[in-house]
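Two complexes are shown next, each including chain A; its partner changes from chain B in the first to chain C in the second.
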Partner chain A sequence: MPKCTINGKSIEVKPGTTIIQAFKEAGEEIAHYCWHPALSVAGVCRLCMVQIEGQPKLQIACNTVVADNMVITNKSEPVKDAVRWGMDFHLINHPLDCPICDQAGECGLQEQYMRYGQYDPEMAEPKQKKHKVIDLGPTVVLDSERCILCSRCVRFTEEVTKTNELGIFNRGDRSEIGTFHNKPLNNNYSYNTIDICPVGALTSKDFRFRQRVWYLKEARSICTGCSTGCNVNVYFNEEGTWRVKPVQNDKVNGYWMCDKGRDVYKFTNLPVRLTSGKTGSKDNWNLLEAGALAKDVGATIRAAARSGADKIALVITGQYSNEDYDALFQFFSVGLGVQNIYHWINNPEDMNGFDGLLFRGDRNPNTKGLVARLEKYGVKTKWLDLEDKIKAHDLTHIVIAGPENHSVFPDLETKLRLFDQVPNVVWLSAGKSVAVDGLTAVTTQIPMKTFIEKDGTYTNYAGLEQKVKRGTTIVAGALTLEEAVHLMSGEELDMNMRPLPPKYLKTNFLVHKGGPL
Partner chain B sequence: MSYVVKRPSASSQWYLPAIFSGMGLTFKKMLRNLFVGDKMQTLNYPEEKYEYGPRFKGNHVLTVKKDGSVRCTACMLCATNCPAQCIKITAAEHNDPSVEKYPISYEIDILRCVFCGFCEEACPVDAIRMGPEWQSPALNGGTFNYDIQHLAYRGNLKGGIQSRVDDQERHKAGI
Partner chain C sequence: MTSTFQLSEEGAAFVKRELNRYEDRHSAIIPALYRVQKENNGWVSPESVTYLSHLMDLPESEIEEVLRFYTMFNTKPVGRHHVQVCCNISCAMNGGRELADRLCQEFDVHDGEISGDGRFTISRVECLGACDKAPMMQVNDTFCEGLTEEKAIEILREMK
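Coming up: the complex of A and B.
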């Protein structure tokens, strides 16, 4: 095992480790654009310069393997100088249109310029003009002038998705990223190119110009788009959520997430949410507080259960957390003795689908957790039984823990038509739906919180349990399934259960920080 | 318990002379204002209005380009810099790729504005300025949320103020 010294810290690394990896292991900062831990080494940006004792010239850290007893630093003057003038080269043809660039605020160029640059540019020639606002495909927009030709995006399509849509065309300072004729960048992982682009050359069509990034706060969460459960950051502000980006987790998703998962923020926002409790039926709805409604409907269900629990059915989707399921089973199965518990599978055909990288056909975050609980409480029902029971008018009440994300339930309307034949329907869901508003049965709709608004544990396809913390609140009047079930069972809620984490309380950044005014 | 002690001195009983000298001054000014009007110290507002210098930082103006569209690129630096948080911008993609981003709505809540001028200071393209206009009255039903229509094209701007920064020249120079 070679030993080396990095900025004065001595560490031991595995043979074959490059210097930049050793820097990461030692927790030392190093500037870099083209190197990415999950991609091959290109060595084109020349920003990762380090000084190695005994070697006359500076070396690039990303393509130099650590040898025994190397003494490496990137804090010396020659290194800073090299990075500074490397920056100058990167910015020769850069348009510097940060004001309208979506990357501004999280841009590698801005960061390194503030850290190492801060020079007066010495370039007298006019800038090379390139193409702007190029449509690369359904998700990505390219601005060639901002591109620093680090080739990360090209290597991504070559090595990760193996679709090879992107390439570098032309030579010298006329080089540009581009796609081949009639082959747009159109794969299920295309948004990742935007994340790995260190500058604002690739921007997302979905997020473009909708917010400045410094207005957004981020909350660590998981993607609920499928059963892989990729780790993500959800970006939000007081108006709602705006985008999701992947977070590295080698056990689950590595560095990436798929494009389908990028849409999960959309069903958390106000326009598509059920914002208050509703009771009534088609064209005749009364609005009520969710909590009061849950108590009322709980009382009716408990009364109905006393006269026969077999007249009550419970339908569950794989969209809730393990805590939610525990509460639900505790109340219905143990408390009321309901036997008619059914698992609503939204896409039985491709339930076991997998695209080879991350995306799975099971578009629920917690099917595994639900199945485990169905087994634990000895539920062995089949969906067809439910259909038979409904057709035979055996049921008086049906409680549905409906989907959070309606868009992955193509069978929503057909299933609702089925449920509509039961006289009393209790519909628990985060999203509002015209189909539910059109039910003719006596219906109670209780608004639910989404994954970003509650704490919970989700079990992914491999059985890995992932804990998620609450990030923000979008519909204050909604309940978590756990809370709703507590209220239904006649208990009271402790409303101060989960105070907002203090880190999201707004700080006044204009406070004067010392010194005479 | 607190109480007030009155200690009238002999001189304080002689208040009439002070009253007469005060009234004298009042009448002197009144007669002067009546007969020598241009020496008057006050204005007959609202018939007469005071003109501040052109550099006075009053109500905002959004400058326009040669073709009359607003210069603002919707970068939101003014909104970020505004300590009163009274600027609200909604950006959108422009059909012309050389413009790229522009505001579909730009609103200043003038009642919250503290006229600090930070927005003007932050703007990278001279798109927002504070002009010499200092009154912001409105009749019943009037709004204090100034929109693009008001900020860029209100009547007294006569079709909009153009910035002296010439974009075409800048583009030719490769900036």
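Coming up: the complex of A and C.
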């Protein structure tokens, strides 16, 4: 194991470690653009310069392997000077359009200029003009003038997705990123190129010009778009959620997430949410507070269970947390003795699908957790049994722990037509739905909270349990499934059970963590 | 995408041979592009890049990167004869730029464009490596050295 000294710190690294990796291990800062831990070494940005004792010239840290007893520093004057010059060259043709640039606030150039640059520019010649607002496909917009040609996105399509859409065309100061013959960049991982772009050259069609990043708060969560459970940050403000970005977790998703998962924030926002409890049937709905409604419907169900639990059915989707399921099973299976518990599988055909990288056909975050609980409580029912029972009019009540994310339930309307044949329907879901509003049975709709609004544990496809903390509240009147079940069982809800809001909600929202505006 | 361009049998065999000749398959891109340019009337079309990508089992973007990097590959159609007039230092000192202008005037064509009758594309290029016999031009694959304006016009007049 080679030992080296980095900025005076002595560390031991694995053989083959590059200097930049050793810097990261030692927790030392180092300037860099083109190097990315999950991509190959390009060595094109020339910013990660370091001085190695005994070597006359500066070396790039990303492509130099640590040798035994190396003494490395990036705090010396020659290194600082080289980095300043490197920055100057990068910014020769870079437009100073930060005020209208979407990347401002999370831009590598801004950050590293403030940290390592701060020189007086000496460039007197006019800037090279390049193409702007190039439509690269359904997700990405390219601004060539802002690009510093670090080639991270090119290496991403080459090495990670292996789709090779992007390339660097022309040469010298006319070099530009692009696709062959304007073919669209349309793989399922294209948003990652935007994340790894250190400047504002690649911007997201979904997010650009919608929010300034410094007005957004972030909350660590997981993506509930499929059973992989990629770790993400959800970005939100008081108006709702705006985007998700992947967070590194080598056990689950590495550094990436898929484009389909980027949409998970969309079903948490107000326009598509069920914001209040509803009772009634087609064209005749009474709005009620969710908690009161849960208590009422709970009393009805308990009364019905006393005259025969076999007339009650419970349908569960794989969209809730383990805690939610535990409460649900505790009440229905143990408390009421309901045997008719069914697993609503939204896409049975490609349930085991996998694209080889991250995306899985099972578009539920917690199918594994649900299946484990079905086994634990000895539920061995089949979906066809439910259909038979409904057709035979054996049921009086059906409780459906419905989907959070309606878009991944293509069979929603078909299934609702089936449930509509039961006289009393209890529909628990986060999203509003025209199909549910059209039910003719006596229906109770109780609004649910989404994954970003509650604490919970989700079990991913591999059985890994991931704990998620509450990030924000979008629909204050909604309940978690756990809370709804508590109320249905006749207990009062202890409000202390709810976690206290994070500190920033009590302070002026417009005070950014970096300081007052 | 179905490609309309295809190399001749010998051409395809040549590309296959080049692929095995180098350690890295990418090294065969330049010879392959030369071959395509030769068989495709002096330029490399997007369809031919797609064709090469299938033939060589390399991504289109990587072939395009090479194609757009080097100036000796034409990405636009050229005339029957591609005339490249050197305007680099030795030739420029001996009247290379004036020669290029004169030829454009004589054959009524703009720099880098195809003449009306489809005979010529005249383009100014950088050093072709014949500085000792400046000024010079390259007509298709042939060097014409030690030129005067009249001599050059005479050479081109004879080309049909």
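In this section, the second predicted complex is superposed on the first by the 498 of 517 C-alpha atoms of A that agree within 3 Å, B and C clash if a C-alpha of one lies under 4 Å from a C-alpha of the other, contacts with A are read in each partner's own complex, and residues count from 1 in each chain.
The definition used in the following text is that a contact is a pair of C-beta atoms (placed from the backbone, for glycine too) under 8 Å apart; a residue touches a chain by one contact, two chains touch by 3 or more.
Fair warning: this is a prediction, and the values are worked out from it, not measured in the lab.
Would you mind checking whether chain B and chain C clash or fit side by side on chain A after the superposition?
Result for chain B and chain C: fit.
In the overlay, answer first, second, both or neither for which of chain B and chain C A:K132 touches.
Touch partner of A:K132: chain B, not chain C.
Once the structures are superposed on A, label A:W214 by its partner contacts, choosing first (chain B), second (chain C), both or neither.
So A:W214 only meets chain B here.
With both complexes overlaid on chain A, does A:P99 touch chain B (first), chain C (second), both or neither?
In the superposed model, A:P99 contacts chain B only, not chain C.
To the nearest 10 degrees, give me the chain B-chain A-chain C angle using C-alpha centres.
The three centres form an angle at chain A of 90 degrees.
Does the superposition put A:F180 against chain B (first), chain C (second), both, or neither?
Once the two structures are laid over each other on A, A:F180 reaches chain C alone.
For A:N164, decide between first (touching chain B), second (touching chain C), both and neither.
Once the two structures are laid over each other on A, A:N164 reaches chain C alone.
I want to verify one number: the closest Cα approach of chain B to chain C after the superposition, in Å.
Result, nearest C-alpha distance in the overlay: 25 Å.
Under the contact definition given at the top, report the residues of chain A touching chain B in one complex and chain C in the other.
none
Mind listing the chain B positions that touch chain A in their complex?
Residue positions touching the partner: 73-77, 80, 83, 91-93, 97-98, 100-101, 124-125, 173-175.
Taking the complex as given, what residues does chain C use to touch chain A?
Chain C residues touching chain A: 46, 49, 59-62, 64-65, 68-69.
Where on chain A is chain C touching in the complex?
Per the touch definition, chain A meets chain C at residues 158, 164-171, 179-181, 183.
What residues on chain A touch chain B, complex-wise?
99-100, 126-127, 129, 132-133, 208-210, 212, 214-215, 510
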